[in-house]
Each structure stands twice: as C-alpha cells, then as structure tokens.
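My questions will all concern the structure given below.
Labels run A, B, C and D following the written order; every chain starts at residue 1.
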Amino acid sequence: MNEVPLTHILFLSTALFFIGAYGLFTRRNMITMLMAIELMLNSVNINFVAFNKYLYADKLDGIFFSIFIITIAAAEAAVAIAIIINLYRSHHSIDVEDATELKY
Amino acid sequence: MSNPIFIALIPILPLTCFLLLGLFGRKHFSTTSGIIGTLSLFISTILSFATAYQYFFQTGKINGVYQKIIVFKYTWLEFAPNLSIDMGILLDPITVMMLVVVSFVSLMVHVFSLGYMKGETRFATYYAFLSLFTFSMLGLILSSNIFQIYLFWELVGVSSFLLIGFYFEKPSAVAASKKAFIVTRFADLGFLIGILILAFYAHTLDFGILIERLSVISSPYLTVINAASFLGMSALSWGLILVFIGGAGKSAMFPLHIWLPDAMEGPTPVSALIHAATMVVAGVFLVARLFPIFALSDPGALQVVMYTGAFSAFFAAVIACTQTDIKRVLAYSTMSQIGYMMFALGVSKYSGEEGLGYMGSMFHLFTHAFFKSLLFLGAGSVIHFVHSNEMKDMGGLRKLMPITHISFLIACLAIAGIPPFAGFFSKEEILMAAFESNRLIYVVALITSGLTAFYMFRLYYSIFWSKDASVKNHHGEGTISMKIPLILLAILAIGSGLVPIASFVTADGLPITSHVPISFSIVPVSLALIGILLATRLFKNSNDLPVRISQQMGGLYTAASRKFYIDEVYLFVTKKILFNLIGKPAAWFDKHIVDGLMNLLANSTAKVSELIKGFQSGKVQDYALYFFGGIASLIILFIYLWQ
Amino acid sequence: MNLTLLLLFPLFTAFAILFAKGLKQVRVIALIGSIFQLLLAGKLLMAYYQIKAQGNQSQMVFEYIQNWYAPLHLQYHIGVDGISIAMILLTAFVVVAGILVSWKTEQLSKEFFFLLILLSLGAYGFFISLDLFTLFFFLEVAVIPKFLLIGIWGSGKKDNSAMKLALMLMGGSALILVGILGIYFNTHTEAGIHTFDLLLIAKMNIALPIQKIFFPFAFIGFGVFTAIFPFHTWVPDGHASAPTAASMFLAGISMKLGGYGCLRVATFLMPDAAHAYSWIIILLATIAIIYGAFATMMQTDLKYINAYSSISHCGFVLLGIGMLTKTSIMGAVMQMVSHGLMTALFFAAIGMIYSRTHTRMVAQLGGLLKAMPFISSVFVIAGLCSLGLPGFSGFAAEMTVFMGSWQNPDKWFRLATILACASIVVTAVYILRAAGQTIMGPMVNKEHELLTDASWNEKFAAILLIVGIVVVGIAPFWLIDLIQPGTEIIMSKLGAVALVK
Amino acid sequence: MLNEYLILLKSEWIIIAIIFLLLFIKVGPKDWKNETLLYGINILLLFNLLAGFYNNVEGNLFNGMYHSTQLILLEKNILNLGVYLVSLIAYPWLKEHKHLLEFYILLLSTLLGMFFMISSGNLLIFYLGLELSTIPLAALANFDLHKRQSSEAAMKLIISSAFSSAILLFGVSILYGTTGSLSFYEISQHIYGNQLQVIAFILILAGFCFKISVVPFHLWTADVYEGAPAPVTAYLSVISKTAVLFIFMSVMYTVFKTIATQWYLMIFVLSIVTILIGNLFALRQNNLKRFLAFSSIAQVGFILLGLSGTSIMGIASVIYFLLIYLFSNLAAFGVITLVSAVANKETISDYKGFYKTNPFLSWVLAIALFSLAGVPPTAGFFGKFFLIMAGAERGNYIWVVFAAINMIISFYYYLKVVKAIFMDPNDQPIETISIPALPKLAMIICLAGMILTGFFSWIYEYIYSLSIL
C-alpha cells in the first residue's frame, strides 16, 4: 500500500503554522489569539511526530517532545486565560486593541 | 673688566630695588621708596662710570682696537646644543657709552621725580616701575645674545607700558599705554621672526659669533643664507629688515611712530627717561649692534634703514611745527632726532673714515640723550607749575621760573645745533657723513635741522615769552630736587659735545679723527639761525601772524596738525579690518557653525528617536508581526542574499 | 620612591573627607591632603634627581609592574620620566591652589572637595601609568567629577555646558578606546601575546598602514581633551560655567591630559603616522591658535576670554608636537606646564573678582586696581604671563616652541610658525583690552569702591601659582633639564623613523 | 548512585525544598506576619546562596540530558545571588502584599526552571526549563492584580512569549528533522549548515533573542517592564535575561559551532541594530522602569558584541559583564522599588532634586547609572571594556567605532537622570525616605559589587579559567 510521503505532511504542518500566525496577527479577540498559538504549536507537534515516524523511527524523541509540548501548551493556556480574565476585570474587554496604554 | 660682579651689579641693583619696592613698597616704604630707588641707582651709576673708565682707558683696547669683551655668559635656555639663550654681559664701546647715558639720565630722572611725584598715592609703585625699567634697559644694552636682547626688549616694552599707564584712572593714559605696547609688540613680531631666520642660518644666537659668521665674506654660513631667498630677497635681507622693523618700532620710526606722541600721557619724568633718552634709541642701538652685518654683507638693508630714518626725521619735524601740546612737540622732535641717528647709520660704511656716520650717530645719541631729557624735565617742571600741557595756558614764565627758563633755552640751542652747544658737534658729523655719501639725504637733513630750530624756538617762546604770565605763582618753581637735575643736564647739554667720541666709539673699534671744516658748518648753522629768527618773529610776542600763516597754508597745515591722519589709518585697519572682518566672523563662526554642528548632531539624534517611536505601538499583534518580519529578513539576508 | 603613594594619598584624603564632620573639618582635611600631595610631588622630584645622579639611564624610573588582568595581559604598570614628573608637579600645584581658592564653598562642601580630590587622583594616575589600559582608566575617572562639579556648583547655563563637556570628552575617550584597542591587537611580543604595555609597544614597530589607521583615533581623541580644532567647543562653555576651582582644574590639568596623551601615546607609539600626518596636526594647531586668538578678541566675559585664549595656547602645544623636532616637543611640554599654571592663576583671579563683584562682564567692571590692588596685580601678572612676557613661564615656553618649529625646514611649516608668532600680538591686544577695562580705567560701578581685597587663602593660592610661573620663567633651564631625557627618547624613536625615510 | 543525584542536583533540590516549605506554610493553618515570613525567606535564600559554593562537582545525569560543570555552577551561583538581592529589594513592596508566599513560590519555580535550562544537555530539558522559567513570570508580571497596566503587561508577556516559543519549537522540530537527535552533542555532530538547518537556527535564534530582547524581537520588553511591579521588572531584566544568555552562549558555542561563520554575521547585524534602537528609544523615556528597559536592550547589544568574539575571552567577558550588570541594575531597581513603594513615583521628572532629600539613595542610583554607562571607577567600565575588547578581537574595528559612538549616546541619557537627581531644582521633591534594613543590605552589597568587582581581577581570572569553548 502506498503511504503519504513526508513532504505532504510537512506541507500541512507548515501551512498550519502560518495559518496560526495569520490568526494571531489578525484576530482582535485574545482567546482567539491563544487558539491561534495552539494551532502553531500543533503544527510543531505534527512535525515532530512525522519526523520521528518517517526518519528516526528507532527512537521516540519526537513523540515525547510533542507530548511535552501539549502539556506545556495547556499550562500556558491556563495562565494566559487567568491573566485575560484579570485583564477583563480592569478593562472590561478582551480586545487587544483596548489594552494599549503602554507604548512608545 | 677685572671683576664681573661689579658690572653684573649695575642692572641687578635696580632689579632688587624693584622687587623690594614692588612687593613691600606699598606698606613699608610709602615715603622712603624714592630715596631707596635713587640711592641704589646712584651706586649703579658710579659703577657704570667706573666700568666706562676701565674699559676705555685700561682694559678695552688691545693693540689700538676696542674689543668686544664677553664679561661672562650663562646658558639660560638651551633650545638645541648650539642654539641657546645665554644670559651674558658684552662690553664694547657702544655698550659702555649707553651704560653711562642710561644710568646717568635715569639717575637724573629719579632725583627729579623725588620732587615731581611727591604726594602721589602710588609713589612706591612709581619708583618700583622706574627701577624695573632701568633694570631692563641696562640689561638690554649689556646683552651678549640676540635673544637676550629680545627678552629685555620685551621687558622694556612692558615697563614703559606700566609707566605710561601709571595714572590708570585716566582713560586716555590707559589707551595710550595699550597703544604703545601693542604697536611695539607688533614690531617685535618682526624682530622675533628676524631672529628666527638669522639664528637658523647662523646656527647661533650669540652676538659675537653671529656677527662673525654673517659678516666675514668667506664664511660658509653667509653664502648659504644669501643663497636662500624668498620672494626674490635673500634670507639675510629678510632677517635684517625684520630685525630693523623691531628696532623701528621701539624707536618710533615712520610708520610705527604713532605710539610715541600718545605715550606722553605718562608722568613727564618718565617721558624724559623712556621716550627721550633711553628706550626710544634702543632701535638705533640694535642696528648699531648688528652694524657689521648690515654694512659688510647687506648694504641693501642699510639703504632701507637710511631712507626710513631720513623720512621720519623730516616728517616728524613738519608735524612738530604744528602741535600745541608741548610734550607732543618734544615727542615729535625726539622722533625726528632719532631719524637723524638712523639715517646716519644708514649712510655709514664699516671701516675707517667711512665709518663717520656710525660715529656721528652714536655721538648724536650721546648728546641728544642729555639735552632732550633736559627739555622734557624742563617741560615737566613747567607742567608742574601750570598744571597743563597746552601752549595757550603758558607764556611769560621766564620771570617765574628762571632756572627752568635758562636750562630750557640751553637745551633748545643745543638741539638747534648752534655752536658751541652739544647738538652742534654731533649734527655736524652726521651732516658730513650724509654729504659724503648721499646728497639727497644731506638736503633733507639740512631742511630738517632748520625746521628743528624753528619749532624748538616756537616752543621756547610760547612757553616763556609771548604773553604775560597768566598763572599766579602759588607754589615756587619746584623743589631743589627738581632743580639740580636741570642744572646738571644743562651743563652736559653744553659740554657733552666736547667729548671726543670719535676716538672711542667707532664701527670697527679703531679711533678716527673727524675733520669737519668750518666752511662746511656755515650752511646748517645759518639755516638753524634763520629758523630761530623766524620763530622769534612769529612767537616772541603774541600776534595773529602765525594764525594767518596757518590759514594761508590751509590743507597742508591741518594735515600736519592732524599728524597726516596716520592714526586714523591705523584705527581703520584695526577696528574695521581686524575686528570686524576677522574677529567678529571668527567668534560668530565658532558660536554658530562649529558649536552648531555639535548641537546639530545631538538634535538630529533626538529627532530620529522621535521619528521611530511608532514601532513601539503598544499593540501586541504588531509586536508579533515585527517579530515575524525580523525572522523573515534574517532568512532573506543570510540564506538568499548572503550565500 | 613608591609611586602608588601618589594614588593612595588622594584616595585616603577623599575617604577622610567622606567621613568628616562639618565644613571646617572637610576643608582642612582637603587642604592638608593636597599639601601632602605637593610635598610628595616634591619628594618625587628630589628622588628623581638622586637616581639620575646615580647614573640611572633608563627611560622610566621608579617602575613597578603588577599583573592585573593576567588573561588579557593588562598590567598595573607605573613609572615616571622627567615629563611626567613635570606634569605631576603642575597637578600638585594647581590642586593646592584650587582647594585654597574654593575655601569658602558652603553648598555641599563635602561632595565638592571629594570630587576635587578624585579629579586630582585621576590626573596623577594618568601621568604615572605606563599601561594603556590604566592610562585610559584614569583618563575617564576624571570625567564624571568634572560633570558633577560644573553641573552642581556651576553658574550660568551650567547643565547645558556640563552635558556638552561630558559628552565631548566621552567622545574623545571613545576615539582613544578605538585607538588603543587597535594598537593592542597589532602588538606581538616575542611570547606571541598582545600587550598594552607602553614600553613594550614602543620597542616593537607597528606596521605603517596600521599606524595610519589608528593614529588619527588616538591623536584626535586626546586632542579633544586639549581642545583641538574643531572639537574645542566644550572649552568655552565648560570653563565659563564651572566653579572657579573646577575651571582651574579643567584648564590647568585636564587639558594637559590631552597634550600628554598626544605626545606619549599617539606620537611616541606611532611615529611613522605622526610623520605622515604632521601637516594635518600643524594645520589644525595653527587654525586653533589664530582663530582662538581672534575669537578671544570678541569675548566680553572674562572667563570666556580666558577659555578661548586657552584654546589658542593649547594650539601651541599641538603645534610643538606636530613639528616633531626635539626643541619643539620640549617647547610643547614647557607650554603645557606654563599654560597650566598661568591659566589656573587667571581663573583664580577671575574667580576672586567674580565672587566680589558678581559679574564677569568686562563692560561692567573697571578700575578695580583701586579697590583691590592685590587681586588686580594677580590678574595683570596672569595676563602678562599669557602674552609671553619674559620672566614668566609663558615666554620661555612659547619661544622654545617657535624656535623648535623653525627648525623644521618645510616652507609651509615656516608659514605656520610665523602665523603662530603673529598670534602673540593678538594675544597682547585682548589681554590688554581685558586688563585695561577691568583693572585700569575709571571705576564703572561705584559700589566696587567698597570691595575687599583678597583674603589669606586666596593670597596664598595666587602666590603659590605665581611662584611656579616665575620659577619656570626665571630658570627655564631647570625645566629643560628635567624634560630633556624623556624628550630625547621620544625623539630617538621619531628620528629613527625619519632616517628610514 | 542515588547520592550522585542528590549532589549533582543539589541546587535544584534546595530550591524545590524551599518551594514546598512555602507551600506547606501557605496551606497550613497558622498565618504568619509578613515581616517574619520575609526575614525567614531571605535567610533561606541566603543559605541557598551560600550552599551554592559548597561541594560542587561536575557530571552528567539522565545520559547527558542534564550536565553540570564548574562554569554552570558558577552561573547558578550568580543567579542565586541575583534572586537573593531581588528578594531583598522586594521587601518594601511585599511588606503589605497579601500574596507574598505565592510571589516567592512563583519566583523560585522560575529559578528552578532556569537551573534546568542552563544545565540542560538536551533540547527537551532545555524547552521545559525555558517554559518553566517563563510562564510563572507572566503571572508575576500581573502581581499587582488591581493595576490596569500590570495586567496589560502580563497579557503582552504571555502572548508574545507563547508566540516566540512556538517559533522556537518550530525551529527545534526542523532541527530534529535534519539531525535526528535532541541532545546538544549529537546535534552539533550533524550540523552541516545546509539551508534547512540555517532556517532552523534562525528560528531558534529568534526564540532566544526574544527572551534576551534583541531588536527586533524586543518590543514586549519596555511595556512589560513598565507595567510589571518594580521587583518583578528587576527580576525580568536581570535574572531571566542572564539565565537565557548563559544557555544561549553555550548553545551557540557548542551546538552551532560549525556554522559560526554564519551566525557571527547575524549577531553582528543584530547587535548593531539592538544598540542603536535601544539607545534611540532610551533617549526619550521619562518613566524610569521603561528607561531602564531600553537601556538594558542597549546593554544586550553590547553583550552580543562580546559574544561574537567566539573566544574564551568572549565567554569570560560576557559572564563577567553579566555579573556586574546584575549588581548595577539591581542597585538601580532597589532604589526605584523603594521609591515607588513609598512615594509611588516612577518618572525621571519626579526624581528632580532627589539628592536634597535622599543623598544615600541618590548616590546609589547615580553610581548604578555610571556603572551601566561604563564609567570608571565603577565596575561597569571594566565590563564594557572587556566586551568591546572581545568584539575587537576579530578585527572588526568599524563595529568597535560604532559601539564607541553609541556609548556616547547612552552616556547622554544616563547623565540626564543624574542631572535630574543632582542638579535640577524642584520645589516638591520626593520626601526623605527611611531605608529598611533588607533593601539597605541589598544596596550595600550592590555598591560593593559595583565599586570593587573591577579592581579584584581574580574574579575575572576565575571566570576565565572556567570558561572553555
């Protein structure tokens, strides 16, 4: 049976990465921005798994790394959301454009 | 000289006196300072006379020729192994003669000042300055090294500055002192560069060696310095002329004379000392000192000296006829007489009979010192009496101040060149020399001497005759201390002409016998008499003739009385050109361009930082975008461009 | 003779001041400390004569080497020759005088004297150090005190000028930094390592192209300190705004750091480049001399007058160095000493006048001689020294520079020399204008009648400096003998190059 | 075997112990007074600091994932010192703060993360350490819960750091793909400098540059510094930056040694931009914390300059500079914290006439600024000088000239603050502040560090002896 070549997967992950970046740059809603970042991290996960599977199947470094990434992403999200909530208390909004007092 | 210490003492005594009075005079010697100064100077006078005696009659002459004797020499500032300022004492005929003149006249002035300056608040300071001047002048004439002479040259200048500005609260005095210093300083610039040139080629600063190296025809140095030329003139000529410019500055030769009349702002005894007898002849002395080089190696430079001298003599005489401030009259006459000495040097040759001009010049220097200082002191006592310098405030004083009157008359006769007064003999020698070498100069000299007689007697009459005494006699003619110098100098004004200078002071040290036939003397004497008679006609009794004549002459007269506008020219040059065209722009340039450039740098930096502040927009998404852009640019730069 | 004492004394003094109580203690400590410095400097001189009398021919005496940053081969290497001793003496004189003049400083006196002493420390360190790193270190030590002294105790638009001064000096040291790093990385001792050691570098020859790159950095860098055109603009403002003592230090000592550096570092270590660039140096120096003099003529503020004249006078130093003849270099050193003393005296006098009349404007002063004869005489003496009157140090120094410059046969250099000579006339003009206006003439402001003359401390300070000036002026041969050996060594290096050419 | 774990992980264990202790206190019934707690904790930290110097051994664990060398131990000691100082200067701020314990817990967990990060021999550990040292920081930045700016700062920090770590990870993944390993050593064996690897390198570099705030990855810095509470800012600007720089250096020198020629140029460009931008922005700042943020950016530029030397001298100079930088910056922040806690003033114009009322604090701040500016006799001079020397070693003198010019600009803005403190008149200056014992101790330590470090050359020589390529 013919399997999907690595390049396809890499293409997918890269696309995902840039989509995430695009989301981060464009969406004003902080939560959405967090999700965009998650997207980017996932693309990284795909990379790792793919590399591991296709190139270095003898060791499981990549897999492990992706697992750790997932965990940490969760932690990051947790803290981020806590902060956003706190921000909401003071700003009454979760639009990044409203949180631009510190500049220049 | 058997004991150099004694000679060294001559200048050192006034120096110590200066330090003493300068540091402590104000407090401790406020009244006695005059005595101290006078005494110390008296001693140095004695010493200088002794030196003169010893030099001329015992040690000076070696097989018939007066030698240059280096009494001692100490390396003071060594520029390079063979190039150093030495503090030394050089004895030769002119030095010794000057020694006598300077110390004696200075003594007279010291004595005179005892009375004249009595009651001044800064009496001690005055004497301190006098001693300083005397010290520097003596140092100048004793110098054995051309840089040493320059050094004392400056000191003389500054002490004259201090003395002219003695009445420091009079703005005119301050201005005059500044003018005197700056003008002479300007001339000294020439002197300095001249020294640099001569020293560079002769590889020495010592007079003896310098003269020897640059006057002996066969010497290699001479050929080199003649070979080197700049703007078509040999380095030697440059050097000598520049040095002469220095001398001209001090001796108030045209066109550097402008400071001398103003210098009369100083106390009159000071004028008598500095601006009549001693400092102003320094220029003559300098030329005489370097005379061998002038005469033997570079006659061209000597020509310059001659013409400058002659012109100044005539020019000053003309102006003197029109001045109304008696001291200014004297000042211009001084300038004119120095012009005499200068061109006398100019016409002279080096050796033997042809060195007559040199001898005459020195002779005239000698006699002139006495009668001119006498004139000034006389004028001093007159001013002391009437408290004014202006002729119109005077007149008919002969009854009130007989001694002054007599001495002044003697001096006038002497300067006019009437036999048997001193001036006659010296002038004869000069005229003779001029006659023998250059007729043009001779004619100028004749006219000048006629003018001299005229304006001197104009002065004399308008002081002592013309109208009756306007001032009432509140205090007498003056203290005894003021009279004695007058008398002594008067005697010398008669007698000094009989001193056989010819057998002592000559260019090459060999005595010469001057032979001036009576027939030769007729012309100048008669001219002088005419001048005197004219003056008598015009000024003996007050009448309106002089006024009418002056109106007749119109422009010429005014021009002369305005000193031919030389001052205005200088004013224009300094104020308009130096200040406005160089100084102001320089200051402006510094303030705005240079400094502005520095500020511009700072401001532009600030401006830039203002411009780029937009990057820090405060929007986290922009930050991410820039982040991304950074990566992208790095990748583009280092993967696609760089490889 | 342990040179480190020269650093320890001021250090201890400074700390003592920090822990002193009350104005009285502070200034007494400062004075005693500075006097100790002076004695120490004198002792150093004596020791120097002794060791020379014993026939010690080495370039530097009292050397002491201590490895400091071994991995980078930085050493604490100190030693002196005649030139540096002259500079040290100068510093010591000026410090004592400065302390005395600012005796009456009430405001933050503790900090004031502390900073003064720190400044002197920097100067001593600079003059004794034979390692480029320490040299640079001490050069910069002096910058901050200057900034604070001007900024805190200054007058007029002090902030601006303090900032300008600090930044321009910093710029200078930045250039120097590049220069010395350039030297460092192009030195190869036999051990194959780089070195900052001045004497070692002097022994080896740096390639001409390298020299040509780094000489300008070093020279201009040090030049900024000694007001080389066009980097002189910090001088007028800085001096004018500074408190009296600070101006004395600035003009008297700090500007000499520059000259010394130009000579000891730039010219001595990179002789080829010095020859190659001499015409530029002379050009700049001549411009500084003439243009400084003319700019001075236009000034109306006494301090500005002296500041601009300092530019002109320091031009002589650079001229002397640029001419590269033995005599001219000796002249440059003499001029440094002379100008240091003279200008310090001048600023002292101005300070005294200012503290009484509260104005420095020439137009508002006049006839002070009547009210305060002593101060006025000091002022006149300073003036006369500055216009090069024989008997004062200025004459000997300037004449030596001229004589030396004339030794250089180049036609254009001759022209430069003549221009420089001409500047002494201009000097006379502005000095006499200043003196004539302020000291002589009728009294402009009647209140000045009542002013008091100098107090004991001011008198002492002035006399100290005058003594220095007069000694150098009367006996220049003494100074010459002191600096000759050092100069000869520098010349031998320069001369060797000249022969190669 | 077991005690090997104990000894090698010594510093980590201690931190963990302290963290847990604090946790227990938190959950425990008795609530202590802030004062006592603070003193207690500071004593603990002091103990931790001292313990760092005791019984240091080298070795590897988890087959090379964790390794510890003398240099790393030294670095950990430096960090310990920094943390101790930070906690000292945080005193006036924490005195009234009710979440004191959380603060320390978070702080120490970040420290733990850093320890793992700098002694990591493997990208995985490195990543874990990095995140552990970053995420709590975001929480810390938000520690003034009621302050708008504080939460904004925290938001910016967490989002941009998340983004940066995503980028970093992408780079890591590519690196993994091209080399097939995560351990530094093996990676370094398989680096050939092909394009993919260079891209990976650039991504990773970007991640690092974000943490040490190199232009153009620096933009979060100023905002976060300004918004966060002063002690946290101090921590951010000194400790976390220092830690990242340590690991950054070793990664550059070990992992990417083979493509040094490429990254030398990148560092070159980055450092120029960084110094310039940092200076230009610092010129205009009025808020002291923001001002210090930009000045620290400029400092990083200089550090990169030294780092580019790629020599022992480079390493040693960087570490040495960081030590001095730690003293100087913490001294400055000590004063700022105290003033903002007591008088609640943070702008430069508030500090006008500061010297009249608080001479000691003024001197501390001034000397700190001089040290940052690199003026002798402060240690900062030596630090800067050696950095520039290391940079010049490669013979890139234009760069040195550039750096020198920028030193002048930086000098200008540092002096501007000094001018405000000493010279500018002010009718209502900050009132006289009584300095509590602990901050005073911190300031004195910093003063000693700033003034003496330069003269004790053995410190540098010691670092030099430890640094190996």
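By definition in this document, contacts are C-beta pairs under 8 Å (C-beta built on N, C-alpha and C of every residue); 3 or more make two chains touch, one makes a residue touch a chain.
The structure presented is a predicted model; accordingly, all values stated were derived computationally and were not measured.
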Relative to chain B, largest Cα-centroid distance belongs to chain A
Can you figure out the chain closest to the middle, judged by Cα centres? C
Compute the distance, rounded to whole Å, between the mean C-alpha positions of chain A and chain D. 27
Report the inter-centroid distance (CA atoms only) between chain B and chain C in whole Å. 37
Whole-Å distance, chain A centre to chain C centre, using C-alpha means? 65
Would you kindly tell me how far, in whole Å, the mean C-alpha position of chain D lies from that of chain B? 78
Multi-chain touching residues of chain D, meaning two or more other chains, are 155-156, 159, 163, 167, 222-223, 284, 412
Two-or-more-chain contact residues of chain C, please, as numbers and ranges. 167
Residue list for chain B, restricted to those that touch at least two other chains: 602, 613, 616, 618, 620, 624
Provide the full list of chain pairs in touch. A-B, A-D, B-C, B-D, C-D
In their complex, what parts of chain C are in touch with chain D? 68-72, 74, 133, 136-138, 140-141, 143-144, 147-148, 151-152, 158-159, 162-163, 166-167, 170-171, 174-175, 177-178, 181-182, 184-185, 213
Once bound in the complex, which stretches of chain D touch chain C? 312-313, 316, 370, 375-377, 381, 385-386, 388-389, 392-393, 395, 397, 400-401, 404-405, 407-408, 411-412, 415-416, 418-419, 422-424, 457, 460-461, 464
Footprint of chain D on chain B - complex, ascending: 602, 605-606, 608-610, 612-613, 615-616, 618, 620, 622-624, 626-627, 629-631, 634-635, 637-639, 642
Please output the residues of chain D touching chain B within their complex, sorted ascending. 155-156, 159-160, 163-164, 167, 195, 198-199, 202-203, 205-206, 209-210, 215-217, 219-220, 222-223, 262, 265-266, 269, 277, 280-281, 283-284, 409, 412
The answer for chain D against chain A in the complex is residues 123-124, 127-128, 131, 135-136, 138-139, 142, 145-149, 151-156, 158-159, 162-163, 165-167, 169-170, 172-174, 176-177, 180-182, 222-223, 226-227, 284
